[in-house]
Every structure is written in C-alpha cells, then in structure tokens.
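Naming follows writing order (A, B, C, D and E), and every chain is counted from residue 1.
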Amino acid sequence: MFSFSPDRSQYPQPGPDGKVEVDLETGKYLKLWHGPNHPGITGNMSVELTVCGDEVVEGKTHVGYLHRGFEKLMERRTFIQVFPIVCRVCVPEPDFNEYCYAAAVEELAGIEVPEMATWIRTLILEMGRFNSYMMAMGGISGALGLGVVGQWMTYTRDLMLDRFEELTGARIYHMFILPGGVRAHLPEGFEGRMEEVLSTAERYLADAEKLMFHSSVFKTRTQGVGYIDPALFERYGVTGPNARAGGVAKDVRKDSPYLVYDQLDFTVHTEEASDIYARTMVRFKDLHETIQLIRQILKKMPKEGPVMGNLPNVLHWKIPRGETYIKGESSRGEYGYYLVTDGTGYPRRINVRGPSYTHAMALLEHLISGTNISDVAALMVSLHTYPPEIER
Amino acid sequence: MSLRDVLSPFTAWKHVINDPVTIKDPFSREASDRYRGFHQNDMDKCIGCGSCEEICQNAAIDMVPVEGQNAGPGDSGLRPMIDYGRCCWCALCVDVCMTGSLTMSNEYTWVDSDPDAFRFVPGVDAKSWDLEPKGYQREDERRLTGTVRAPMGETCPEDRIGNFDEIVDGFTAEQAIIEADRCVECGLCVATCPAHMDIPDYISKVRDGDYEGGLQLLYETNPFSQACGRICTHKCETTCAAMHEGDAIAIRWLKRSITDSVPRERYFDLIQKPDVPETGQSVAIIGAGPAGLTTAYDLARKGHQVVVFEALDKPGGMMRYGIPEYRLPYHVLDHEISVIESMGVEIRCNMRVGQEISMDQLKTAYDAVVLSIGLHQGRSTRVPGSEKAEAAIDLLRRITAGEEVPVPEQVAVIGGGNVAMDIARSMARLQKIKHGKVGVTVTALEELDRFLADKEEIEEALEEGCDIFPARGPQEILVDGDTVTGLRTWKVDAIFDAEGRFAPKYDEDDEMVHPAGMVVEAIGQMADISLLGAELTEQLEWNRGRIMIDADGQTSEPWLWAAGDAVSGPDVIHAVADGHRVAVSISRMLTAKREALQ
Amino acid sequence: MEDVDDKFLKKNKEVPLREELRPRKVTTPDGQEIEIEPLRDYFCEAQPKVHPKAYSKIVEDFYNWARSNSLWILGFGTGCGAIEMRPLMTPRFDAYRYGIQWRPTPRQANLLVISGYLSVKTLKRAIRAYEQMPQPKYVMGLGSCTINGGMYWDSYNTIKRLDDYLPVDLYIAGCMPRPEALLHGFMELKQIIRKGEAEGANKYAENFAQYKANQKAVIKDWDMPDYNW
Amino acid sequence: MNSLPNFEWVQVAYALLTLFIVINYGMVMTAVVRKIGARVGGRYGIPVWQNYIDLAKNIALRSKITHGVMFYLGPVFRLTGGVGLLLFVPTIYGSEWHQNFSYAGDLILALYFIFFGTLGMALGAGESGHPHSAIGVSRGLSQVTMAELPLALGVYALSLQYQTLDITEIVAAQQGSIFNWTVFTNPLATVAAMVAFVGTMMRSPFDVVIAPQEIPIGPPTEYHSSYLALMQTNRVLFPVAKTVIYMNLFFGGATSWAEFAIKVFCLYMVSVVIGVVHPRFRVEQSIRFFLKWGLPIGVLAILTV
Amino acid sequence: MRELLYRLKDRYHFGTPTFQRDDLCFVTVKRSELRAILTELRDVEGFTHLTLLTAVDWIEEQQFQLTYMINNREANLTLALRVMLDREDATGDTIHDLWPTAATYQRELREMFGINFPGSPRVDEEFILEGWTDLPPYRRDFDTLAYSQQTYHDRPGRETHDPKTHMQKVLYADYPKGAK
C-alpha cells in the first residue's frame, strides 16, 4: 500500500574497506550513545550509534566499563586464590567460569574428580543455563516493551536462585566448583523442591509463549529483523544458539561431550531463519531442553560418593609447566579457558574466551548498521551478550 | 496474521486474579542453611595461626591481638579481623581454617553509613549473628591442606628387637616433600621450640628441595640438628596447627631428612666458621653434652678460644650415654660433634673436673667457665628393697660403654618417661640376644595416656614385647637374699592431692607382683655436683637443689655460667637453647671486658 | 596489609584531549564558518550550589518525608551488583510497594546506587550521572568494592574507596548483597532522609575542590568541564 | 455559533472544582491501574497514594536547571492542553456545576487541545537539547498525527450523524437507553476512534515515543523537579480528560460522578488491557497500523453515515 | 591430528607439537609462515573457526607468545599455533581479513600487551582502557598492586601481625635469636 523502506541513496555508502565515512558536521547525522546508562543495553557497555533519521548508519561497541583486569589479577593469585575470582567474569552465568577453570587446573595438575562431583557440576551448569536463558527471554521481551514476560522470567529465575542458594550457599556468585570437585552434596529433599521450580517455570513459559511466539506484534517486531547470514558465522566466530538459529546444529555438549553429557539424552534444536525471532525460539526450545536435562540429571545421578578429589596443600600448590584449553557450551555459545602454567604457584596466563567477545564486538558492529534505532536493543539482547566476559 | 496471534496474548490477564507471588516480608527472610553469610569465630578453638589471612586473595584478613586472648603454647594470641570492605564471601578462610573455629552464619544484612565500620573481629566484637547455628560449614571430607602424615618407614619389631640398629628409616625425598607440603607456615611451633628454630622456613626448603639451604638454616639455631632430627622431644609438634584436625606435621623427621640428604662432607663447606678476628679470650666448658657443645660452638664462632672438659671417654654427654644407639646411632653423633670441632672447639675427654683439674684452676686459667654437667645420677624410689635396684641411667651408660651388664630373663622397670622406655627397650634387646625372648615389665604411676614418654616410644616398646602396667605404684622390691625376685605394686587412684602436690593415693586391694630378676628405677635423674667443691657450693645460690641462674644462665658467681639438663631438666633441645643463651651472655661479658681493657 | 610498593613506579603522562572535543572552526551546512568549543558549548556551566533547607522545619520535615517515600533510583548498573536489582524490580521482592522506582534518566533520579566496583571508565560516567541528578541526591554503595576495594583491591583499573570521589550516604556489606539486604538498605536510607541527615549533595558542593582533585587524580582522560549540571 | 451563552463567573469556581476532582481521581486511578498491571506480572505494585508522594517529592527537590524559556513553557503548554481539554468538555452531563465551559463548537476545540499539549511538549523538549528528546518528539508528532486521523474521521462521522459539534448535544442524544450510545448507533465510528484512543494513550504497542529501551525516555528526558511535577499532574489529568471526550462521544457520557468514575476507568482499562500484554511497535509500524486499520474504518464510518 | 601435522610438516616448519588431549594440540610455527598455514588450515583442512587469539608474556625469555587457536568444527579438533615474537617492539601480522573477528583480538593485544598489528582496523583506538598512560597492563613487568596502591588509596587503619614474630615479641623477646 505504502512504501516505507527508506531511500538509501541519501545515506553514505560504505567505502572499499567496508568503512562508512560519516561527516558529522553536515548536521545530517546524529551521534547517539546507547549506554552505558541505558535501560536498553545489556549490562554496562555502550554502543555509539551514528544515526540518520531513525536509521543507524554506523555502530561502534565500546566496552571496558567493567574491566577489572582479571587476567592480570589471576596472574598474581595462587591457583586456589583464582577460584573465587573466576566466577566474577560473567555475572549472570558464573558457573561456567568455575567449571572451565577447575577443569583446566585439574588437567594440568593431574587431579582426579570423583564421579559424584561431575554429576553435581553438570547439574550446576544446567541450572546456570536455565538462569541465563531466563534472563535472555526476559531481556528480549523487555527490549521490545513486553515487561510482563520479563517479570515472570525474573521471578522463575529467582526461584532457581533459591535452589542455587540452598545447594551452593550463595545466590549469584556460587563459588562452588572447586578445582578437584565441588563443595558439597545435594541437600536433603532437593529433588522435590527443584521439581516445583521446574514445573512453575514450565507454567510461566507456556504463558510467555503465548505472549511472544503467538503474538502478532512480537512477530512483526522480530521476524526478518537482525538477520545474520549463516555464511558469516565462522568468519565472526558465531557459536551457540546464535549459530543454531541459522541452521548450524553445533553444540559442544554433543560434539565433544564433557562432564557427563555423554550419558544424557537431549536434542540440539535449530531454526532456519537466523533472525531475532529464530534466535529467541532456539533459546526457548533450549530452555525446555534444559528443564528436561535437570530432571534427567537428578534422576540418573548417583546418590552418594565423595565430592572432592585429593588436593595438595593449596597454600603452596605448584603446577608443572603446560598449557591447555577447556571449552564448554554455555548458554551463549562456546565458552573456554586457556590456561598457561609455568611451574610456579601462580598461573602464567589465563585467557577467557567468552562468546560475547565475538558476538558483541565484530558481529554486532557488522549487524547494527542499517537497522532502526528501535531494533538496536532487541538485536543486542537477541545476540545474548554479557559485557563482563568481553572485557573481563 | 492469524486471529490466534491477535487474541492469545490476552490470556496473560488470567494472572490478574491470582495473588501476587511477592515475598510478603522480605526483611525477616532467612537465608538457606548453607548460606555463606557473616563470619563467626569460636574463640576457644581459634589458635591464631593466620592460615585464613594467607589464603585470602582479597587481603581482607588482618591478624590482630585482642583483649582476653594471650599468646601461649600453640596459640599466637592473634585473632582474624575481617574487613568487609574486602571480603568476597568465598569461604576459603573457613575451608582452610586449621581448627574449624572459623565458620559463617547465614546472616547477611549489614547496613551502615560509616565505611570504617565494616571491620570486625568475629567472636570478639559482639554481633547479632554470633550464636546463629545455621550457615556455611565445611564438609568433613573436604580439606585444603593435607591431614594425614606421610608414612615413615620403620624396621618391623621382629627385625629390630635383636640388635641396636637404628629403627627409623627417615623420609625419602618424595615423602619429605609430601609431608613438607602439608605445613601451613603459621610459625606457632617456633615459639614452642626451646631453641626457637625457624621451622616453617626449613620446611619450605624441604618443599623446594633446597636441602643445603635448609641445613644452613638449621645450623643457625641448632648445631645438634642431626641429633634433634632423631631424638628431639619435638614439643613443636604438640602445638602444630595441623594437629587440630589431623596429624601434626612431622617436623622432627623433616629436620632429619634435611640433615640426611646433605652429604656428610658437604657439611664442612656449608657450615663454616664466620670470618671473625680471634679475641684471645678463652672459655672453659665442663661437660661435652648438647648444652656445653652448643655454647662452645657459638663462642668459637665468635672468635673465642673454647676448651671443653669431658669426664667420660667420648663427647656427647647424655646423647651418647643416655640415648640408646637404635635411636641415635653413634656415627651420627660423631659426625655432629666433628662439625662443632671444625669451628675450633677443643674437647678434652677423660678430664673429670674435680679430679684431673679443679674448678679453681679453671677459674684462674679461663675468662669464663660454663657448667653443663647434665644429670647423671639416678633417683631412687626409696621403697623397701630399693637399694638392690639398678639405676636406669647407670645401666644405659654401661651398655654404651660396652661394659657387661647382667641380663636376667625378667626385668621390671619403674617409670613412664623416655628413660624408662629406653632402658626397657635396651634390656629387651639384650634379653633377645641372650635369651631369645623378651621379658620386660614397665610400671608407672600415670595412666597410659599421661605417660611422660613419647607416644611412639610407648608404641614401639609395646611392639617390641614390653608389658606396660600403667597406674601402678611401686611398694616393694622383693629380694630373696642377694637376688631380686620381683616388684610389688599397688594400683594408683590419684597421683596428686587436691592442691596439686605429689601425694599418690593407692588402692591397697589391687596388688600385683611382677616377677623380675632385676628392677630398674627410671624415675628421674640428679646432677652430680661433687665437682664444685664445698667452698664453691657454699658460695653459689641454690634453688630447690638446682644452681640458681638468671635469665642468661649466669650463676651468682660472675665467672660461672650453668646450662643444660642440670639447670633446666633433661631435654636436648632445651640444652641447646641454654647453650645459645649462655653463649650470648658470655660473649657480651667478654666483649665488655675487652672494651674495658682497651 | 602490605605497604605501598614503590619499587614499581607509575608513569604519568598527560592525555591529550580527544580531537572532537578540541576547540575548532567548522563550516555549517549553510556555509557559515563558526568557532566551536565543545567542552563549553555542550554542557551547562552552573556551579554546584549549597542548597539550604526549607525555612520552616515542618515544611522540611514534610519534604523529607516525601523524599524518603519516593526514592527514584537511577537505573545505571555500574557493576555486578546490578543483577540483584532485577529481583527487586520484579515480583519476588517488588520494591515498588515501598515507593522505590527506577528511572532511566539521571535528571529524574534521586538515588544513585553504585552497584559494586567502579572501573575508572565507569567512574567518569557515574560522576557525570551524579552531577546531573537534581538535589537532594543520595548515593548508596553496594558491597565490599565500594568500601575498600573488595576483591579488586589490587586491580589497576578499579577504585578502592567510593567516598573519595562521591559523597556516600550508605554502604551495604556483601559480595554481592542480597536483594533483602538492599531493601534493608533502602529502609535505612529512608530513616536517614527523614532525619534530615542525607545532605550528601551539599557536602559535595562544599568540598567540591577536594572531590574534583580526587576524581582528576584517577581519571586521566578528563574531557568534561568541571561543572556540568 | 453562540459563544459562551449565559456565562457566569461562578462557573470558574465550578470548573476549578471539576479540575480538582478530576486530578485527584486521575491520581488514584492511574495508581490503581498500575497496580492492576503489576498484578498481571505477579507483583503488588505501587501504593495507591504513591502519585501524591511523587508529586510532593518532585516539588520538594531543590535544584531546577533550565535549558531556556521554551523548556519552561513545555510542561506549562502540556498542562494547558490537559486543563483546556477538560474545561471545554462537559464532565458530568446535566450537572450545573460540572458543565465547565462547554459550548456549541467545543468538539473542534477539544480536538485541537488534544494536539496542543503534544506540540507544546515538542517545543519544550526540543529545547532541552537531548537527542533522545528530539527523537522522541519527532516520533511522537508523527505517531500522534497518524493516530488522530481515525479519531478525526470518527468524530466527523459523529458530527454528521448528530448534526452538531456541541458535545453536550451529542451526549444528550445518547441519553435514555444504553442502546442510544454511539457505540451501538455507529459502531464503525466508535471502532475507528478507539483505535486512535489506544494509539494515543502512550501504552504498548504504541509507546515508542517514550520507549525506555530505545530512547530513554523520549521527550521528558531532561525534565525534573517542578517541571516534572507539572508534567506528572498533566499525566494524570490528560488521559482522564481525553477519556471523558470518548465517553461523551461514544459511550453516553456520565450523569453522576459515580458513573463518570466507572466509565472512565473502564475506557481507560481498554488501553491497559491491550498495553500490558503487547510489545511495542516501531514508529513506522504503528503508523502503518493506523493507516491500514484505523483509516479505512474511519472512512467506512463516514460512508455508512 | 598427528596425521594432519605429518602432512603439513614437509612444507612448513613446526616445533615439537604438544598433544594435550586427543582433540587439542599445541605447536609452534614460524611467524613468516603463520599466514600461509592459517589460510591453508582454514580453506583446505576445515579449521574454519578462530576460537581465540591471545598472547603470553615470557619475560624471562624476552618473548611474547601469540596463540592462535583454531578449530575444525566438523572433526572437533582444536589446533593452537604458537608464534614467538621479540618482546622489544613487538609486532604481529594482522589476520583480520581471514577472520574479521580477529580485529577485536588484535585491538585488545595492542592495548593490553603493546603488540602492534599494523593494518588491523581501529587497532590504535582505545578498546577497554581510557586515558591509559602506563605500561600495557598485561605485560609481566607492570605491577598492578603497586600501581593500584599508588593510584587508589586504601582505607587507613589496618595493621596485621605475623603470628611468628608476634609470638616472639610477646613470649621470648629476650631469647638471643638472630644474634648469630
């Protein structure tokens, strides 16, 4: 009926090197800071937008607001002292850091982990994935102005935090997966209470599904928006749900199983459209898969056994020279720790490979030009990025 | 766009009739049972070892002295003060706590507008959560520092009973590293060690494999490190932080592993006399025991000329003549003494002061005299028939000297100390050699767990076939003519009276007779002070039968010092400590004298 | 506590002003040449003022009551503690029922919650946000990091004491503090406001030079005017 | 047009009373509505008197930074729009007191006032210099313009139907039976106007103007303290005033305060019911929505009349 | 993996590979051959995914180690190529045209280690730090504790005691320890 597609010929065209030259002083463009103090940004980061009308011409991601210099701090802490600080690398899903670090240290130091501990670790990781996905679901609906789903999702996430608290002794930074094992057994009656949380979550998810995937407005806002060409996935290091939404059925849990994932049944869900809707859908399905996985783990796990392997005296623990890389499938994609030791009591170098690093920097900057200001928040949330793991 | 897509969002409105899921009263909500909340510290259990401070990656913990907690054996008197401007509630401090005193409550609310208020000593500064039973506690199976002592190889009882070979193998390098690894380097032991050896430092040398550095460290505080590595009473291990929730660190064996790991000849390279000028002053030392030789070692290293007068054949004192060979081989002692001699110490054996040379001669010939004569006279129980009993200390000397001692098939030993064990086990060996079987009975006033002897000694004695009868008071040594036939004992109800004085109470109905061809009294020793002569004995001041000395070991005579067992009781490491103390005092006096002359 | 280690000596260089903030001449779309000085042109230049209390005590008390019961928090998640703000906004803890709301713009916020550690880069933004908030304004520090550096006590990029840079009304212990502790904090802050003791903004204005000096000592890239209210 | 017949000064006092009642009603009602919305999310939500406290707090704030004269006038214009709208529309039909300044052509004036505030706001917010305000203003103006289109058409159909531009007369025509209400006599015009109603209530899916996740928070970004207090007053007054028009035009007006309260609340809830459960449209999507759904219905309404 | 390296070793110079796990191998390559190896591995051998790119500071050897970790997603193999650079004036070769995402890594390395990657987009722009004037912070010779103590002030009034020295002071201050 009417054509609303803007006349792109007025906009600056990218040069041969892919860079857009924008002359701000013509008054035609506006610099718009999306963050750091901005409800539409995921955490404390910012995107510097150059807009022309409602359309984004260029976007630059700025990070570093949360930089604490972890990789430097880790180098001057002993191997056990690194343990409390790794989880701070990623706030919403801290357990992955703990697992990757612990596994890397165990590999280089040659420590056996008891079977019970690997099951509990898997449980913790899946609970963390549940939380992270819940935040993503709430985030994407919030970014589109659908606050009520955000309320439900945060509520169910909070119920899971109660389970976390009961199991690990803390709400957010659990500091539970020690090198060598985990800190404690499951508390009495944990399974029953977990089941309550899971069924509540399923109820709320069914409601949320109606408000999201069965809502015409939601579809209008998300379908066809934020498309990532699957051909770019490998160039931009896209992993996890973002890649699965483009039909790439890759999941570290399936491809190179760690912990006890080889003993669990689960499906790797994919979508084809590779837009915001598809990415949200993949997360939604994965969330259900995670709920099933938690049930499965609680059913299959051994009922007793030691949770801690033998550690040397951690106060002067030295690990021989070596290097390793441990990876796993976090809720956002491939998460990895690169640990280099030099035979002293301190790690030589720890590098955290957070999936957000590639998603929020190169990929986001690539995707953001040409979108509408209104879609920036949704696009970012749909990539599911957490700034602390970018800058660490 | 289907109609369903338009209508289905409105289903959310069904929630409007539900009650809100909000927590009604969030202010009194309790955290979970395991919650890592604010810290608690049990003042009775805390020993102030500072492990929490060491493991804290946030530098959140300071060890501070607090009112009402005094430093003492195994307790530094310090308590952790936690800065909640640093803490991250990782609970590593709770995990590493050596005594389990530090725990966490599940309390989590602390709001204050004063930023300096967030610092407190848990357990001292009263907080609302002090008595909260819930909260984070370490699971029992999980320890961050090793709790089990590395196994020490020993000759099995069957093989060792027939000879006087050394029993303990000593740690292998791997065992030593494993054992040294368990040390948390709190240093509580240093205060307990009479010689205040730098225990954590040399243990860390073991961990690093730097045995030569460790040896040098040992010799700074103890020239009898080899002997102490074997036969020290290791008071340090009784105050080790690791003993509270596991085995104490085998400090003695680690010391031994350093001395054993360095080749004998390297000793003379590593421990050399410092380059100090000769002072031209000379000191005479009476008795070549640990106290005397330590004094000699220190003084010689300061450039004084030292002469040691020893009454017996060989130097070493009680270490040679009191301690059986299977615990301290003579070649070790010889080597040890040769290191001391390499400092320029002259040892004159078979020079009994009072016979070959008199005190007065020493007084005039030397600038100072040290009396370190040890305790070489056995005490007697003075029960009927005790004149027929042997003194343990005499017997041991005779065994060492190679003299013939009577070895009956049954021997009864009175006493529960190390000397009693030594003589019991020595006699057991002799019996084994002579009769092919062991027949030793040990009786003592104390209950078994109160024996003064080391636990290992008692265990090994039992293993070697000695019978131990605790809580038996000797009443009579049964004599048939000239020969001893046995020992009659009563059961002990209490050793001390209400005021804590020695006044044993017996149950006379519970009488036992231990048949024995020889009864050995090993209830203590005295010094043989006859060498002093009547005049000097008169001049000196005395305290309950011992020569009175000041804190530096000086007697009431300005030229005479006393050290070692004779003044501080029987113990090698005490003797070494005395030696150091006396040496410093003498050296100070000599320096003053020298300066006065110039 | 280790003493200051001066074996390593910090290198300090001046950071040049970024190009787009330097004074320069530009040509407008209609061809005019104008001189601009971004740092002066883009910001308000009102000095901070010490605002007196209302003349009448009854009025001031009423005002304080209203201020305490209508706490608008700036929704600026400066650090990890921000994640515990979500449960507060949502059903589980629902801080709205206590008159606590979140505002996305500093102009409409009264309470700046510094949720944990502050990197230097965020400190600069936090100062800016704080200065833009209308008086009276309050600052709350969450967790160890704001009190004495917390976990990041040896980091080269995070400040240690928040009160060096901003006047802080209240600290909450924890790492991170639970939502319940935060609610406790808000209630405590209400008490402080009602007592009329939350005068941090005036304190900031009175000791302005000192605060600025502290801020400039750590923020090298100081590309904002001193006054930007 | 008979301008202001039988005007008496006492009407000013009556009008102020109306204003007072409506503001208080709005204060409580918006809080209640927020509480209802919160309940869908499972929360309690703000206390019902929270709006009063917020208002007092904003007045109590000490610093007031201005960006220029228009910045001052923005909220004033906005409030004028709200007050004006209310005062020229009869609030309670048949009541001497709450007739306000209704006159023969008040419908046109009301339509103008609906727009007036937005324009004033645009000027004021524009002066604040904040890019979010500027973007919000441009979004707001384009969306409101489009949203008003169906309303204008609906009103046009109405005036054709009742052959008058006097709201009082339109209300009078609907009295008697519930089936005399325009909603039954001219459903198409009602639907068209309701589309506009939902579109201008600043609720999802049409709240892109102030969308916090995109341009926090649009035009009022820079407003604070007393300015914000003014705007808050308007924010409770204006929707009520607007709802009053819809009530008068399509739902038979109100003859008593009780009827007023119930009808306004119900009408207001229409936008809430839709708003709570939907994400928001982008600005061009909402414009497209108005063109696609609102406009044809409006035209159809006129045609059927 | 062994087989792959075996195939390539004729054409390129490899150091001794470390097979950390079945699917993870570390190998040192020459800087001059890095680009060719990466291109071949990416286009021919299916190592299409750049997992990470980071550096390790071996200050004792005056070298930086760049670690290029690439992953073959089909075969689930990870290969980490180590390239040693001189620490003085360290410069690496940009690979942002092979993997656009490498530009971010290179920016970080430039800022945090001071390793330059000429030609990499925006490599000179500030990435994480703002107004940083000191040594690149991830270098081993940058002392973060000292820097932090000199820049941000501790809350005063804290004092700790070493149990050993405290006990010495309280219990045996008279004992002549350390006199020797």
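One rule holds in what follows: contacts are C-beta pairs under 8 Å (C-beta built on N, C-alpha and C of every residue); 3 or more make two chains touch, one makes a residue touch a chain.
What you are looking at is a predicted structure, and each value in this text was computed from that prediction instead of being measured.
Novice: What chains, if any, are shared contacts of subunit A and subunit C?
Specialist: B, D, E
Novice: Taking the mean of all protein CA atoms as the centre, name the chain whose own CA mean is closest to it.
Specialist: The chain sitting closest to the overall C-alpha centre is A.
Novice: Need the most distant chain from subunit E, centre defined as the mean of C-alpha atoms.
Specialist: Chain centre farthest from subunit E's centre: D.
Novice: Average the CA atoms of each chain to get its centre, and name the chain whose centre is farthest from that of subunit C.
Specialist: For subunit C, the chain whose C-alpha mean is farthest off is B.
Novice: Taking each chain's centre as the mean of its CA atoms, how far is subunit A from subunit E in angstrom?
Specialist: That pair's centroid distance is 24 Å.
Novice: Need the CA-centroid distance for the pair subunit C / subunit D, whole Å please.
Specialist: Between these chains, centre-to-centre, one finds 37 Å.
Novice: Approximately how many whole Å separate the CA-defined centres of subunit D and subunit E?
Specialist: 61
Novice: When the C-alpha atoms of subunit A and subunit D are each averaged to a single point, how far apart are the two points in Å?
Specialist: Between these chains, centre-to-centre, one finds 43 Å.
Novice: So which bits of subunit A are touching at least two other chains?
Specialist: 38-39, 64, 67, 69, 72-73, 76, 84-85, 148, 151-152, 155, 173, 211, 215, 217
Novice: Which subunit C residues reach two or more other chains?
Specialist: Residue numbers touching two or more other chains: 1-2, 90-92, 94, 97, 104, 121, 147-149, 151, 153-158, 161, 175, 178.
Novice: Quick one: which residues in subunit B touch 2 or more of the other chains?
Specialist: 9, 12, 15, 20-22, 31, 57, 62, 83, 85, 88-89, 115
Novice: Just spell out which pairs of chains touch, all of them.
Specialist: A-B, A-C, A-D, A-E, B-C, B-D, B-E, C-D, C-E
Novice: Which of the residues in subunit B end up touching subunit A in this complex?
Specialist: 1-2, 4-6, 8-9, 11-12, 15, 21, 31-36, 51, 54-55, 57, 88-92, 96, 136, 139, 141-146, 181-185, 204, 207
Novice: Taking the touch rule as given, give the residues of subunit C at its contact with subunit E in the complex, in rising order.
Specialist: It comes out as residues 1-2, 4-15, 120-121, 124, 147-149, 153-161, 164, 217-222.
Novice: Considering the complex alone, what residue numbers of subunit E touch subunit B?
Specialist: 155, 157-164, 166-168, 170-172, 174-177, 179-180
Novice: Considering only the defined contacts, which subunit A positions touch subunit B in the complex?
Specialist: Answer in residue numbers: 77-78, 80-85, 148, 155, 162, 165-170, 173, 175, 178, 181, 183-185, 187, 207, 210-211, 214-217, 219, 306-308, 311-316.
Novice: What does subunit A use to touch subunit C in their complex?
Specialist: 24-28, 36-39, 43-44, 64-69, 72-73, 76, 84-85, 88, 91-92, 150-152, 154-155, 158-159, 161, 171-173, 388
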